[in-house]
């Protein structure tokens, strides 16, 4: 099995999808960011700031997903039909981020979901770094994907 | 202590740095990506592909750093004078990424270093996902920064 | 009736158009810019400058339309098949701008037309501001749209 | 007096500011958007959507200001040190938008403030257009500017 | 025969392709860069640098192709399904670059191939300019294209 | 003498200019495009189209110069203080393009001038390709540069 993004000479190459049919593709990716409990409180408590840290991170994630092909060198340009970014606090010091993407195309949208989750996490870091430089993004990965010849994928399920 | 990116009404706000002096700022960030041992071998062995996966990821990281202010909503535009991205394999299944940034400006370059490390990691994911969808980016964080009124920072060192 | 760009929690959300059929969509938007009569004369008289102020504004409008999804956070990326920008002087001190857009897609192109008209107007401001800082863009709005489930729209016509 | 963005042949030309000193420049621009009273209520009432329409528009305005030189053909690239966008409801059907920008540079930041105000207004339109296609942006203009050889400007004050 | 990018008034205009069918389009473009023999040796010899100059130029070409519609004012946005960039040394002082593009769309992909070849050449210039400022790009042109109503084209073959 | 854009391991690397002083840098680059005599006539004759082909190409060149650092992987972001693009017909079938750039910075602006000239030429190709697919860009190179430690350069003059 070979790396599809390298040609027979080992050179970077965008996969030629000109002859693949367009089908519905979906993907779901996560990112987890850990912080001081006091930082999470500032983000989540009932005062005004709460809304805007996550609102800002959500928009950053959505906007970044749309620009994935500008950022990841060998990604195909894709007209995404769906991007959503959700936040879920966990315990006293953690926010879980879930990004979902979809399109009708001849290639998948995993990188778009991963990019959305990553940039949402980085934006949380940016907005809170003045009070907590030690925040860490501890887990970015693909949760599931559907569509395409390589079949569906779900994290933790054995791959064919 | 308050979140600097929110004004007194809790609204998102770019920090006004118009009256801060420009000084030399540096930052260093890391990202760690875990994969199957066979994937790491494909990336690192002596055959041609090796060069291009990391070459591509390095360039993606450098180029992303330059566009940080387009991606992170409240980051100031910065004329970076340095961006470097390095890769270090660790054990049978891990690559450590270190990104370093610098500029002369009235604000720091932490987000630029974090963005470079993150996009380099995402690009490795993209280039190897056909053989290993379960790769995970397990740790993105700031290693150190220097310059500016908030002083120097080094991970693991107690903050003033 | 609810705001479609907010989910049930009031959070920003790109509308999921994954299951909507692609049809021909068109839109027409206007912008009106008012200035000193002497400024309009400089733009419109027979000398060379005339061509370039409007040529530059036209190109700015067309190029901006193509980047609408980068600028408006919840707009879907769209492969526009048509963008045109026209200018019509009115009276001694006014230029009317009309932008038209089209594509085959599962969402409309109103924002693309509005963005084209707005950036064309802002470019006229930029090119003439040295002689007339008081110029005002007095009216940006949608003139009509066609295609899509929400039906056609024409300004001044009662909406169903 | 001539248009500075056209050379002696009437051709578009970026003004050469290579020999002008850098000084502190500020600008303030406005945009006004009119809508149905029921639309303004949806944006402003105490329920959740309120936050996000304006939060999203604010971020769109701030991010657009940073990209002004990509959108307005003859604008110089500028490292903005300040961008803020504020919203003020007026009467039953109007929102006033004020954008403020600053930088230390050899050219002004008026276009950045105007671009921020315009894109914030367009984003409000986008987020509410499903319930109110007839919204209109009725007034985009410069309120004031300071710094630079051309002196300060304040709307309504006679220009030298 | 008229220039399709100008309307009946001689104004710049994006061609309206709203009613043209989507078909498979391909294009192939070349660029040739001449340099000192010692520069070519540095690029091509067996040491490490070799890989990265061309790896970097290849990625620059691929990434630029994806952004053609942002750079060329009247190009339509296109979801490219293929971009490849190849390098072939010729004689002691020359590198030939070939870029190939494809998509299913109602307009061609010639500009995308030309943009990829041009930016790959410019990147080689950038990476080697410290040792050879006199490098020249001596020939950028279209080699062939297929698809679309205007028929196929091959350089050197008489056009219908 | 070594390639400055590769580190000691032959890896791509943005040159660290953090400790270099900012001085005035200028550059001048050319591009030459050859076409059928009838194509040049269409561009240059007294009818309306004339203005817009070159107006459009000029703006494309100016706008591309501002985005050089997004296109050329290892270029530093630069706040250009000058960009100009001029066209000069030569003989019956040739247009010579000259691009000039300037900034105060610790690195040069050659790539910005080369990018402006290249994109202006590509835009002429785009606007005329419907009548002349065989156009060729036959010569892109640096004419001169000034400023910086590496000294001034003028094409055809022996380098130190």
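Chains here go by letter, A, B, C, D, E and F, matching the order in which they are written, and residues are numbered from 1 within each.
Everything that follows uses one rule, which is that a contact is a pair of C-beta atoms (placed from the backbone, for glycine too) under 8 Å apart; a residue touches a chain by one contact, two chains touch by 3 or more.
None of the values given here were measured: they were computed from a predicted structure.
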Intersection of the contact lists for subunit D and subunit F: B, C
Between A-B and C-E, the pair joined by more C-beta contacts: A-B
Most distant chain from subunit B by Cα centroid: C
Repeat of the B-F interface, chosen from C-F, D-F or A-B (over half of contact pairs identical by residue number): D-F
Chain whose average C-alpha position is farthest from subunit E's own: D
Angle of the C-alpha superposing rotation, subunit D to subunit E, to the nearest 5 degrees: 180
Euclidean distance of C-alpha centroids - subunit B vs subunit E, Å: 31
Whole-Å gap separating subunit A and subunit F, where each centre is the average of the chain's CA atoms: 37
Approximate Å spacing (C-alpha centroids) for the pair subunit E, subunit F: 16
Sequence positions of subunit C contacting 2 or more other chains: 11-12, 51-52, 55-56, 59-60, 63, 67, 70, 73-74, 78-79
Category of the chain touch graph - line, ring, star, complete, other: other
Contact pairs between chains, per stated definition: A-B, A-C, A-D, A-E, B-D, B-E, B-F, C-D, C-E, C-F, D-F, E-F
Contacting residues of subunit B [partner subunit E, same complex]: 51-52, 55-56, 59-60, 63
Contacting residues of subunit E [partner subunit F, same complex]: 1-6, 9-12, 42, 47-53, 55-56, 59-60, 63-64, 67, 71-75, 110-111, 114-115, 118-119, 121-123, 125-131, 133-142, 145, 150, 153, 155, 159
Subunit C residues touching subunit A - in the complex, by the definition given at the top: 7, 11-14, 16-18, 20, 69-70, 73-74, 76-79, 105-106
Interface residues, subunit B side, partner subunit F - complex: 24, 26, 54-55, 58-59, 62-63, 66-67, 78-84, 86, 102-104
